[in-house]
Amino acid sequence: MITLASDFGSPYPAAMKGVVLRRSDARLVDVAHDLPRQDVRAAAFWCRETLPYFPPAVHLVVVDPGVGTERDALVVRVGDHALVAPDNGVALPAARRIAAEVCEAVPDVECFRYDYDDPASSTFHGRDVFAPAAADVHEVGVGALESLDAVSPIESVPPDGSPDSVVDCRFPEPTVDPDAATARGEVLVVDDFGNAITNVPGSFLDGRDGDTVDVNGVSAAVATAFAAVDTGERLVTVGSHGFVECDVNRGRGDEAFDLAPGDEVVLVG
Amino acid sequence: MITLASDFGSPYPAAMKGVVLRRSDARLVDVAHDLPRQDVRAAAFWCRETLPYFPPAVHLVVVDPGVGTERDALVVRVGDHALVAPDNGVALPAARRIAAEVCEAVPDVECFRYDYDDPASSTFHGRDVFAPAAADVHEVGVGALESLDAVSPIESVPPDGSPDSVVDCRFPEPTVDPDAATARGEVLVVDDFGNAITNVPGSFLDGRDGDTVDVNGVSAAVATAFAAVDTGERLVTVGSHGFVECDVNRGRGDEAFDLAPGDEVVLVG
Amino acid sequence: MITLASDFGSPYPAAMKGVVLRRSDARLVDVAHDLPRQDVRAAAFWCRETLPYFPPAVHLVVVDPGVGTERDALVVRVGDHALVAPDNGVALPAARRIAAEVCEAVPDVECFRYDYDDPASSTFHGRDVFAPAAADVHEVGVGALESLDAVSPIESVPPDGSPDSVVDCRFPEPTVDPDAATARGEVLVVDDFGNAITNVPGSFLDGRDGDTVDVNGVSAAVATAFAAVDTGERLVTVGSHGFVECDVNRGRGDEAFDLAPGDEVVLVG
């Protein structure tokens, strides 16, 4: 199985699929091709929230603002999963979560360089570098990827470590005060529904269901279901990612709370 | 085969696919993930217009404004098709059409409750309840779904009946006068082309090709092809769903006729 | 394998897939369903840039502003690929490229008429004509498609020829002056990134990397990577299709250069 994620929109992913299918009869599963454009951190977030649900697979992840520059192509192996991606950090958060939560014995995050030269284009390495790489890793098998001539090991780190010679991506850490009455964090992404997903752990809301909290001074009900508040009303809930979200029942939380990715959020319970 | 339909946009459907693929190697086919958001009636319309074309399958349908509340999860079986959906009516119109038009001997619409408790999230039952349910129904087989511990029968109704203890979804009925010179109906949905699809049966236009009809007082040609009128001109035609549509050749009918879902349409021939 | 390309948006492609899957268990691969709406030339461009990357397949291409009129349905065979499409030219550029670049011995482009009568709808031949045709061609095999009763040969042409009795689609030819200091061409399409893709061959930029060129009087750097210029800055590059593109690093070239499909571009190096 090969999953595909990119910010390519349409129809460029089709060229990647064609290239893969010339080399492999793997099952292909689209993760998303409308990841926030050239936004490595947001793409890393969404990969972390989707890829760990898959069975062992080769995950092709191409959000690549550095295409055509000297940046490396990577293969990151965690157990029987492999991620094929540019060396810009986009694959690391997903790899760490797969290692920590999905694999039976927590494996290291093993980083490999994938050598390429003279791709047919300088602007579409998704088609000319990463798609062939993913197909080749799939065909040789994740456990045997070292046998590919193009692959050479860089370093391995435990899931809580950061590699020295590979670009990492870390999300900002929130601060939650000892009595948990205040949390200070950041909006990581806004999803298609308009839910503003923060980095504040859902545990901040433990025991507050039915109460209200202030979000940057705006009061909102704490609820476990959108429909617990009236249509159009704000709510704060623990989203499916385990973080505090600022939402509106049948509406857009980002607009109602005036929040965008990167904005600071101060929650007072 | 498992088909997937939702209003989740992107990339949430990928998490559902991952969950399914951990439990099943079924073929997955996306129906749509941009169904009108939290609009059960519109989603029910589109499921009715697409799912009956598929061979026997498990159809996962998640448009679920009541997620996290007490609403049940359902499995609806019609012949060798099964629909897995929240108990809000979204699956019933498709189930009825599959029963009436697709299955050889018209089967009953059999409704089952799918028990679940403590899903990992309160806001993403597509991932945590419905995807596992669809995979499990697929793996045990539609004909044997009663053998799943989580499944218990509620009631069965013929395709022209409405269940008593399951939420139904019925589209409004148009009124067509006896000599068929006037029809009064409603816009059910507007499609991506901007075609305003009404609930008036296409038979209203029988014998009128080349004539004109008034739509809420606006005159338009009756035609069987968009290209029968000039670019940018209005036309009224029988759409692929069998209903009267208000369209524009290479343009948007909803704008030209000033029609939105839910609007009344009075057709005078 | 059957690939699917259309301008249908969502969820109409699902009905096509259902129809195919009732007749065939072919692997289905979506190319795009948001091709520029009813724009045959743009759709032909994108098919030419994606379909040749696939292994042998039946390619279903439905961009069909003439649906419901007398226009024919075609099957175009090139080697072991077949394209199923309306007779409006949309399939020809891809067919020619597959013949010229993909097949081992350059085959002719063989055009066949696919007869149909009384489809269930007059507005959705994707579902009622082309999907069954693609499935039937797949099932009988591309090499044996003549054995289908509905199929009759029209004519065969070499890849550099144009058929007499089938609608063709040709892209405009640019003019490049002998010393290659000036090229006059046209924007063929704008992609999802906002890159304005012209018909000027990339060779126009040979040896100019790091120089500047004027695009309709606006100066821009020539570069082989977006990141070679600052964020928000214009660049001119050879795109993945081999043509000169007018782009912006992490921005939209169409807006920065004020270019839309069909616009003339004069490049002065």
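We call the chains A, B and C, going by the order they appear; numbering starts again at 1 in every chain.
Everything that follows uses one rule, which is that contacts are C-beta pairs under 8 Å (C-beta built on N, C-alpha and C of every residue); 3 or more make two chains touch, one makes a residue touch a chain.
Only a predicted model underlies this, so the values are computations on that prediction, with no experimental measurement involved.
Novice: Considering subunit B as a copy of subunit C, what rotation angle in degrees (nearest 5) results from a C-alpha superposition of the former onto the latter?
Specialist: 120
Novice: Copies subunit A and subunit C touch; is their interface built from the same residue numbers (over half shared) or different ones?
Specialist: Counting which numbers both chains contribute, under half are shared, so the two copies meet through different residues.
Novice: Where the CA atoms of subunit A average out and where those of subunit C average out, how many Å apart are those spots?
Specialist: 32
Novice: Where in subunit C do residues touch two or more other chains at once?
Specialist: If we look for residues of subunit C contacting two or more partner chains, we find none.
Novice: Write out the stretch or stretches of subunit C touching subunit A in their complex.
Specialist: Subunit C residues touching subunit A: 1, 3, 5, 29-35, 46, 49-55, 191-193, 224-228, 237-240, 245, 250.
Novice: Within the complex, which stretch of subunit C touches subunit B?
Specialist: Interface residues on subunit C, with respect to subunit B: 8-12, 14-15, 17-19, 21-22, 28, 37-38, 65-69, 120-124, 127-128.
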